[in-house]
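You will see two complexes here that share chain A, one where it goes with chain B and one where it goes with chain C.
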Partner chain A sequence: MIEKTRKEELKTGSLGEGRISNLTFINIVMIGVLVALFIVASLIVPNFFNINTVSNLIAQQAEIIIIGIGIAYLLISGYFDMSVGGIIAMAAVLCAYFSQENRGIEGLSSGLGMSYGVAAALTVLICSIIGLINAFLVVKMNIASVIATLATMALARGVALIVARGAQRNAGLPPEFKQIGQHTFFATINVAVLIMVILVIVALIIERKTVFGRRIFLIGANSEAARLSGIKVSREVSLLYIASSILAAITGIIMASKFNAGNAAFGTGYEFDALVVTVLGGTSIFGGFGSVTCVVVGAFILGILKTSVNMLGFQPDLQLVVSGVVIIIAILAQRYAINRRSG
Partner chain B sequence: MGRIIGRFSMKTTIKNVYVFSVLILIFVIFTSMSTKFIGAPNIVNILRQSVPLFLIGGAVTLVMISGHIDLSVGGILGLCSVVYSLAVKSGMSYFAAALLTVLLGTLVGFINGYLVMKLNIVPLIATLATMTLSIGVGKLLTPRGVGLIKQLPRGMEGFMRTSVLFGLPLAFYIAVIVVAVLVIIQKKTVLGKYAAAIGGNRTAAELSGINVIKNVWLMYVIVGFCSALAGIARTSYLHLGDPGTGQGMEMDAMIVVVLGGTHFFGGEGSVWRTMIGVLVLMSLTAGMQVAGVPPYWQYSIRGAVLIFALLVDIAVKERIVD
Partner chain C sequence: MRDYVLEIKGLVKDFPGVRAVNDVSFNIERNTVHCLVGENGAGKSTLIKILTGALERTDGTILLNGQEYVSNNPGEARKKGISTLFQELNVVDQLTVEENLTLGMEDTTFGFLRKSTKIKKMVEVLKEIEPSIDPKQKVKRLSVAKKQIVEIAKAVASESNIIIMDEPTASISESEIKRLFKIIRELKRNNVTVIYISHRLDEIFEIGDYVTVMRDGKHIATKPVAEMEDRSELIRMMIGKSIVESYIPKEAEEEDILLEVRNLSNEKLKNIAFNIKKGEVVGFYGLVGAGKTELARAIFGADRYSGEVIFKGKQLGSTPAKAIEAGIALVPEERRTQGIFTILTIRSNIPVMNMKKISNGGFVDAAKEKQVAIEYIDKLKIVTSGPEKETAKLSGGNQQKLVFAKCLFADSDLLILDEPTRGIDVGAKSEIYSIVRQLAEGGKSIMFLSSELPEILNLCDRIFLLFDGEIKAELINGPDIDSRKIIHIVTGGE
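After this line comes the complex of A and B, so read on.
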């Protein structure tokens, strides 16, 4: 029962006149944590506070933030998307395959020889089919979203493995293939970061200023009430699944460009990482509460922690332990903070 | 309850017939490709390689009947693989090493239960965190840069490779005993009844006096215990301690549980049908090798099998009214 009232409070958001909403509150707290963490890391980690480390930190978060946008929207509306990691691999491999030089032979070194723009557009289009399948299974067939999207994750990664024959495609790629990931404006700030920034801004505008965006919160808070008030819940959620798969496809194209290869192992575990940063930033796993800013803040908090672990000379494997512990602490601390606030 | 055939309901009968038909179909198809498929060596191999999934699938069925999810099975398997290898390498007897490993796995299961039931963290996130933690700790325990525990003592693989009876190793018979206990728990004990009640309607179960927290917690502990046993079996088979060997196990467990007709929102299911699900998945995997399908096809076939199983589950659920 207590659990239920807490959820209701989470969902209603604002608590009365003159007080900021719970969402704004959590956002401010988490930004505070991020700033504090940054200052601490700058003080105790040697060489942390310099332009290379910081720009690396930003560039490394581009992929996770882009898929995080889709994950966050779905989470707010009360659904999960575990297929993104598989879609990343599928997009990377397909994009490489489409734009590889056509040598007229069977094998990994010969592709379809399309121009890069066409290849990328076609990749996004094909990957959105996975989003369509997700929507069909979850919305039409009412299958639990975690399990349904785990299945399509396997399907998508399976396509990547088949097209890349269990390995990777990296021969005969056109020179523009690596531009997105490797062309830098300033330090390590590359085209991918620019794409990330644009997508985050667009997502924030959709979330805060459009009817579509506000409906997402209503669906997550109470899907039945949303349906009764005339919102086409199934259409809305389907669109979110397709959007999520498109964002994952863009991430896959970026990763392929960064490594100048289409590898079927790309994006392994990214669905989990994206979920972790989204929840870490303050999005509720119960739906109806959250924001794209949560993704950005969460990604940078985890990024700073992981970079610090690395730069302090610990084993890289410690990163896994850190992210496992941090996520549990974050959930408990945020719940405690909101409960205290609500009295 | 509607139509009842003998002791079984219509729905149960259909599910029983369906899982068995799929298994028989797979055997018919692959035997027609190569008669070696039905030969004793291949059957023994399938049964032997199924041991970890028998154990984990059986335990996960209970958790899924209660409407919960456990993604940490692969992580626990990996961690236990490393710990068992280290213990044996340090000169402990097999039995003592196994005991230590099983205790550790049970502890991780206990932590899962604590996070999910006491701290009320959503199972998906809680078990995801323990999965990451287990793999991380497992990796930290391996030598830096190697990531594996190698040069294990000879004879260690006997647990999974030396024939005890009918060409099958000791691990297989232990798994059979554990699974038999799980079947009894699910069918004959209150824990099994409670699992279905909790999965069917948690609030109703609470109101009718079932201690939901304690019972589901216990199920998570059972999953930890079984995952540890699976880790010992896998380590013996590979003759190698590998923290990443459980990767994808959570997915396989889910596939076999859903194939076995356990409803993915909980409330109904059966441990022994999950075992048929394990045989379907493992003989499909083995059959693909016989048919000469490249190994990189496996992944997409797993996805397709899971989608197929989910759609069948929905069809049975919606069309057949008990």
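After this line comes the complex of A and C, so read on.
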């Protein structure tokens, strides 16, 4: 029976199928780059290959990776979220303010005296309002997502500056406030790293295994076709903006804990860093292509570079130049690789 | 010997799988209005695109004023004396009339714009044609008709010998059409030849000197309009002889009405009313701009409307998601931008409209998904190396089959097919026809919208004729159906 044969061929991939997908390909390439970079750094940078450096390297990426999850999801569905840096500051300051001891006086040293758990939960809730505003502006008002979320970034940081009176809140914080950032399991691996690992795993499961994850790619690949295929595009994108703001809030709470303070300057420029590592890892800014894996790999590539430049004794300002150059090279290389493959 | 401004000899244009222009030869006499008619897909647009340089010809020669003519882009064509008034007007709304007139041919010194005599001349030409247009005005304030006039002025001022007008009356009012015709007559006197494309046959008798008929990419005839008897002779040439294949329509056995539309109106549509019964294939025939796509999208909930759309006895919700849930699927007009996800694989395209069937509690069952993909690739004979192929790499026909696969997997009771065979080769076309027949035999209802009469006559039980957003007639298909009458109605005849 000829029919059977064709089906068999399709199943076994004997028609030339069986190559890995472009996404898997890019992931492998970038993981290769990461490994190579790690080996080179270990060889040429003195004291790089040691437990403290490596664990520092991991701990330092927690924040960027957590916000990067939201950024990556939105980027895959074709949208930007530039508000996360502002939300980090807002969350850090609010969380500190809520948990500061209530001394009944006006000023930076007195807060609302809530228990830490309640303070953190309330902070997340309030920050998700920024996500809601983003969704409203982008989905309902049709404002370009970069512009809308830059505006809400300013809004969120403005709230942080008002509540922190242009400085920071660090007096009268309960002892559990610093646990997430400062309690370590091993070397500098702290609770924040654990949270990051859990979130990445959950995000990967959502991305790869669920219908919701599938819709993110469909919307990014062709939002009109998605709508005509019965996907509620507005609802999905709104959910993603809210999720992204919640992830940023969690990051803000982590940073506040690390420094035992709520500082209105926290998270400055993080939206760009998160965007850069996501794209560096292989996510397309045109939508429909990418992964949370890209965020993780991208973050570590950039982290190793920055650490190496630092440890080799160059002035810190050079870090930026190196990051810029590496990003340009990485993106050109990815495009070259994909074109070669498709060609 | 006659004085020909343009001589087309043995022109051929091939697209993958289709010969869009097949050995076309005819001449265009200087300072006349030469009309070009034919059904959609007859090859008119392709011919025009070759003239303007938007497409490269496969074979043949074109002589302009006796000289070999080649153009690689519309700018070059204009320099050589051929300007085009596209349906989508080529004006920039944000600029003034004056700026638009010189757009693309500005005089510059070291890259800086220079006020020149050119502008003055352009403005004078415009004043002559239509004094009421203020050259300092922003173009966005002008009506479509006046925008056209700005473009005509631009063409005249840049000393074009030939102005091609592609459906210039499609979106302007009666009185504006009169004014346009006056301008066209004026142009003839001023040493301009007009190539006039229109679906409205009455216009051809009013303004045309010559008419060239095309059909299936071939040149059928070129005749002086004065020698034509009437519309029906033109229609005969457009549709040829033996297009009615013996299709015996199904007697609607059961009076089981699936879809009932009453009073449906929106910006494009006027008071549409019809019904579709179970297992019936209902055709909607009309030319481009008649409102077919708008009708399909309104029923599917993709566009707003007023009126009632009753499906299975209940008013249908107003989003595509609700339509799909109720049991309707749409094969949209533009497959690449509306139908498929080109950067994703075949596997992830197929189940999109019915993810429930391949998932458990929100988790995708990957094995089932792959099995479904293989099943539909096999069922619809999609040519591919396997389910993981990117859909962008499939041919047009295979992409269209993929859109069908998506809709079939949704397992709907009503399929709305909007121009389902546009731009695909003959083989894929006939495969799609047989899918439609199978579906109808299996009890599904089909709403088939097309601007190709043969396929409508081939497939449909009942046919509605659309013109200008309205249903003009309802016909029962059968061997004695009068295709001339159909063309008469859809081209605006009473």
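We adopt the following convention: the second predicted complex is superposed on the first by the 327 of 343 C-alpha atoms of A that agree within 3 Å, B and C clash if a C-alpha of one lies under 4 Å from a C-alpha of the other, contacts with A are read in each partner's own complex, and residues count from 1 in each chain.
In the analysis below, contacts are C-beta pairs under 8 Å (C-beta built on N, C-alpha and C of every residue); 3 or more make two chains touch, one makes a residue touch a chain.
Because the structure is a prediction, the values reported are computed rather than measured.
Participant: For A:S21 in the superposed arrangement: first (chain B), second (chain C), both or neither?
Facilitator: After superposition on chain A, A:S21 lies in contact with chain C alone.
Participant: For A:L137 in the superposed arrangement: first (chain B), second (chain C), both or neither?
Facilitator: First partner only, chain B.
Participant: In the superposed arrangement, does A:F289 touch chain B (first), chain C (second), both or neither?
Facilitator: second
Participant: Touching A:G230, do we find chain B (first), chain C (second), both, or neither?
Facilitator: second
Participant: Looking at chain A, does chain B or chain C touch a larger number of its residues?
Facilitator: Counting contacted residues of chain A, the larger count belongs to B.
Participant: For A:F212, decide between first (touching chain B), second (touching chain C), both and neither.
Facilitator: A:F212 sits against chain C, while chain B stays out of touch.
Participant: With the two complexes superposed on chain A, say which partner A:N222 touches: chain B (first), chain C (second), both, or neither.
Facilitator: Second partner only, chain C.
Participant: Give me the intersection of chain A's contacts with chain B and its contacts with chain C, in residue numbers.
Facilitator: Of chain A, residues 3 contact chain B in one complex and chain C in the other.
Participant: Can you list the chain C residues touching chain A in their complex?
Facilitator: By the definition above, chain C touches chain A via 300, 302, 319-321, 323-325, 330, 332, 337-345, 348, 352-353, 355, 359, 362-364, 374-375, 377-378, 384-390, 406, 410.
Participant: Could you please specify the touching residues of chain A with respect to chain C in the complex?
Facilitator: Its residues touching chain C are 3, 6-7, 10-11, 13, 15-19, 21-22, 209-212, 214, 217-218, 221-222, 224-232, 288-289, 342.
Participant: Would you pull the chain B residues touching chain A in the complex into a rising list?
Facilitator: Within the complex, chain B contacts chain A at residues 69, 115, 119-122, 124-126, 128-133, 135-137, 139-140, 144, 251, 254, 258, 264-265, 294-304, 306-307, 310-311, 314.
Participant: Taking the touch rule as given, give the residues of chain A at its contact with chain B in the complex, in rising order.
Facilitator: Residue positions touching the partner: 3, 80, 137, 141-144, 146-148, 150-159, 161-162, 164-166, 264, 272, 275-276, 279, 285-286, 315, 317-325, 327-328, 331-332.
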